[in-house]
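Here chain A shows up in two complexes: once beside chain B, once beside chain C.
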Partner chain A sequence: MPGATLSRWTMSYFAAALSCLVAGLILTASGFGYPSTAIEDPESLAVIHLIAIGWLGLLFAGSLLQFVPVLVSRPLETPCLSLPVLLLMMVGLGLLLTGFLGLADILPLWSWTLPLGGSVLTLAFAGLLWMVTKTLAAARPLPLPAKFVALGCAALVGVAVSGLLLALPLSGVTANRYLVGFLLEAAPSHAYLGLVGWMTVTAIGVSYRLLAMFLLSPERSRMTSRAVGWLMAAGLGIVVGGILLAGSGISSTATIYLATAIGGVAALIYGLDVHFIFRERKRKSAEMNVLASLAAVAMLIASFVLFEASALSDLPIDLARPAAYLFVFGWLTGLGLGQLYKIVAFMTWLECYGPVLGRAPVPRVQELVNERRSSAWFLLYFGATVAATVALIAAAPTVFRWMTLAQLAAICALVFEFAQARRLAIVPQEIRLPDGVRHPQLFLPSFKGSSQ
Partner chain B sequence: MTMEFKELDVRPILRDGGEPFEEIMKAVAGLQEGQGLRLLAPFRPQPLFRVMDSKGFDHDVVELEGGHFEVRFTPRMEEAVAVSENAISPALWPEPAVQLDLSDLPPPEPMQQILAAAEGLEAGKVIFAVLSREPIFLFPELTRRGHQWVGNYDQGGTAYRIMIRVGSGGRNA
Partner chain C sequence: MLDPFEQQEMTDRVRRQLSTIIDPEIGRGIVEMGLIYLIEINAEGDVSIIMTTTTKGCPAAGFLTDAVRSSAASVPGVGNVEVTLTYEPMWHPEMMQS
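Up next, the complex of A and B:
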């Protein structure tokens, strides 16, 4: 049976993800972790994983449950795993953070928490991969966006396994020489697999479909898009090769630089694709979610330029970590917030008004959000993110913390806007609740209606 | 869905005095489901058309500069027509009572218009609509309301056509 329905637990994933983003930025703004301490210190690792797994991981997992069926026009396989995966991700992340805070002497140190957290997270990702890959496998031959998702899934396997292997020597449960060598060398590769391999590749694939859909642009399987896929796959292959050698004490710096260069070329070509999609659009006015995505793509390219500058120049300033900051907050987070702005409103609209469409007057999706106000928050967010990156490059920690506070303020305002959309708060009173429409839950599924 | 083509240039094989038929069949065997074959040849490969037709491929021929030909073999996609699980004998449905061109509307407006049109029609009447893409969230809602539907992309993959037969639960359900 073709078609897709609303994913029951996606809104709960989003709520958990946004909570982690807010918590992570509160910690950073208060001076906890990087850049106040070194990036490899346990405090920094706690904040990094709160953002990477808690915010981005949950955001991407929840989005995949909703968008994989849209990409292949088939219902999700074994959707009953959605809730267990969400709970396992939260428990696994909690254990991981407990482990890092133990290493930082903030909590008592239990050496088993890191490997156990890694194992629980691996189990959670296995459940997610089961749902996604089974759905994709049933829909072959895959359209191009779905092929990107499949490549992202392969990278997710890599990031989970490498994370587990990092947790073992870091927690001190093993002093195996290969794993200790791995610990010293593999962390950047682990980050590359997660942030570029899983998230960026998936986001690029999904954006080909979503941007074309929202802009009424013809969806073509372009040579350039295929080139992006092949380059990303090549970069990931190189990183995996580097990871395998890392345990033998061979530095993976060269492979990371090479993979980053290839990823940078892919990002440039992707930027070109976005330009084509935008140029061929039939819908002239672009909504906030599209504008935010464009800003995010610009930051993706800028962060790769910074990475390359750090690899090629011998300036006495650190560019690689600011580049990573811009990548996570400008590109992935900027894109994520931009898409959430549309997805939350659309899912809420479909959940509430889908069953009465055509039978009663209903608001348009745009009437669930306040675009003028939200655009101010997005402007503040992206401006503060660029300023925070510049402050990191200029080694101005006080300015950096003020800028993260501005990012936090923008995000809290956007979370408020999302909640307003969920509560139908700004829908004109006379069409807010036609007969047969009930208020949606804020972030839990309603156990009745069409959101099966 | 945009058609993907695998490319095979048999001109070098023929230039070297070789026989390309085997290469072509190998390429055809290696095609993925739904994938087409773009063949470049120094002449119009007339005999091949019947062979490929029997294998379920249509062909388009374009003459290139220098008297060469590009032939696109496209798999006939009987399976690409999606049918709702409650649909009975779509071939016998009456002519559409309502025709809608919704190809310039952003999602989810086409869904809204189609459901509204279905509400206004008696059971058994048929709606024909053209959209810019597959209305993925509309399908389950149509079935839930008891409407039957069939739909597919046009050959270029740029427009989605859907026929909906209004069900008896359509008016006041």
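Up next, the complex of A and C:
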């Protein structure tokens, strides 16, 4: 039967990811790392990697395991790697953070932790890529959303390799001249490959399918969508060129600005695509996950505008770092939380009610969540994110910390809502537990059934 | 052996039974949504159903086909039930009953 199955470990990826997000925001709100210290300081690097790998990396990895099979209508290849990849990502991140905290004199400095952490993470990403690319390769010719995922995979190779090369001179295990030059110049390109190349490109591709699916909008292969893909690929090509020259001491600033400009145009066209999908929808009432996605797309465009403003203007204020903050928390995190709101409920529904569908009355997916309450948390989250970005631009650190506290409160409330969905707490009592239905585990698989 | 009139009557009963199955995401019956392309019943009461899902690769596809199979089999007089999942033609929102 053509189709996808339930990814066994995805909920565990999400739980680990949310834990890292909460931890990262607690650190930021308490004044640890950027903007209390410079962005290149080890404290800041620890928080940045906790968010980038711990939160976003685990979120995207868990989502890929569930949604690549949906994109290509085939089961995931080698799903037995899902748990090892999760464990390797957590161990690798732990080692990486230990290394950064060692450089910050908070923990003893063991120079091997950074390169070892980078190696373990590279191994984890290799496992993830093996599962995803093998599934994609078996499904050729690929539909457009899957092509975006394939491009994202190529960027993931780049971000893993560049991260490993950055870890070597940063930890002090080598003073190789090329690698030291690489360390001084390649960090922005490394970030671009991860945040734009892997995550944004993947999110855009998957959203073409999911938005059309949830809004009952016709799935069209638009010329604009293909243009978004080509522009993103061009931007990534330029960044890769810049990163190769970085070791020779050639500044990658120009390539980053050029790639960002191209990425900005792609983001604008993507915004148009989202507008078309929304306008052609058959389902008139947009649910919270769609509204959150729309807010996130607006923040994606806004962050590119800020980046360009920082490149083109001579204003004596820092716009690039606030733009990066808006990109990570407004676009990627906003989109991630919005999709989690739907995915957690949908996967829980499949796990609990799928097997009794047609044999007993079952709730709709929407009946597993409290939309009214959740919309208040999303409003708080997006409002606080915009306010935190403005506080960064205005160089108002106290306001920024209060706003990150508000973001943290909203995220904790949303985590509570996700847990309520998992516990079936909102489902009307009379249809909550039909015969044969048991409460699911909060974030571990049930170890029963045929899911992967 | 069912005569053509009885076959038609049983087809209607199966269709009514299937209309109680909801699409979990949309919350509307799968018959109303146009996900059931064909119901055929032969003289022996064996049922053949061709259906689809709103999107190819839908993770609920296996559960939906199982639900259709067991729901059709629960109609009195129905013999074997065969359910085929197809994406030709692909479902599109205009197939929903307004």
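As a working rule, the second predicted complex is superposed on the first by the 449 of 452 C-alpha atoms of A that agree within 3 Å, B and C clash if a C-alpha of one lies under 4 Å from a C-alpha of the other, contacts with A are read in each partner's own complex, and residues count from 1 in each chain.
Note that in this section contacts are C-beta pairs under 8 Å (C-beta built on N, C-alpha and C of every residue); 3 or more make two chains touch, one makes a residue touch a chain.
Bear in mind that the values here come from a model prediction, so they are computed numbers and not experimental data.
Superimposing the complexes on chain A yields a three-chain arrangement in which chain B and chain C clash.
In the superposition on chain A, A:Leu357 contacts both chain B and chain C.
Within the superposed three-chain model, A:Gly31 lies out of touch with both chain B and chain C [touch as defined at top]. When both complexes are overlaid on chain A, the residue A:Gly271 reaches neither chain B nor chain C.
Of the two partner chains, neither chain B nor chain C is touched by A:Gly181.
In the superposition on chain A, A:Arg140 makes contact with chain B only, while chain C stays out of contact range. In the superposed pair of complexes, A:Thr5 makes contact with chain B and with chain C alike.
In the superposition on chain A, A:Val70 makes contact with both chain B and chain C.
In the superposition on chain A, contact of A:Ser221 is made with chain B only, not with chain C.
When the two complexes are laid over each other on chain A, chain A has residues 1-5, 69-70, 73, 213-214, 216, 218-219, 282-283, 346, 349-350, 354-355, 357-359, 362, 364-365 in contact with both chain B and chain C.
Within the complex formed with chain A, the chain C residues making contact are 20-22, 24-27, 53-68, 70-71, 85, 87, 92-94, 96. The touching residues of chain A, when paired with chain C in their complex, are 1-6, 66, 69-74, 209, 212-214, 216-219, 282-283, 346-347, 349-350, 353-355, 357-359, 362, 364-366. Residues of chain A that touch chain B in their complex: 1-5, 69-70, 73, 140-141, 143, 213-214, 216, 218-221, 282-283, 346, 349-350, 354-355, 357-359, 362, 364-365, 450. The touching residues of chain B, when paired with chain A in their complex, are 1-2, 4, 32-35, 82, 84-85, 104, 106-109, 111-112, 114-119, 132-134, 136-141, 143-144, 157-158.
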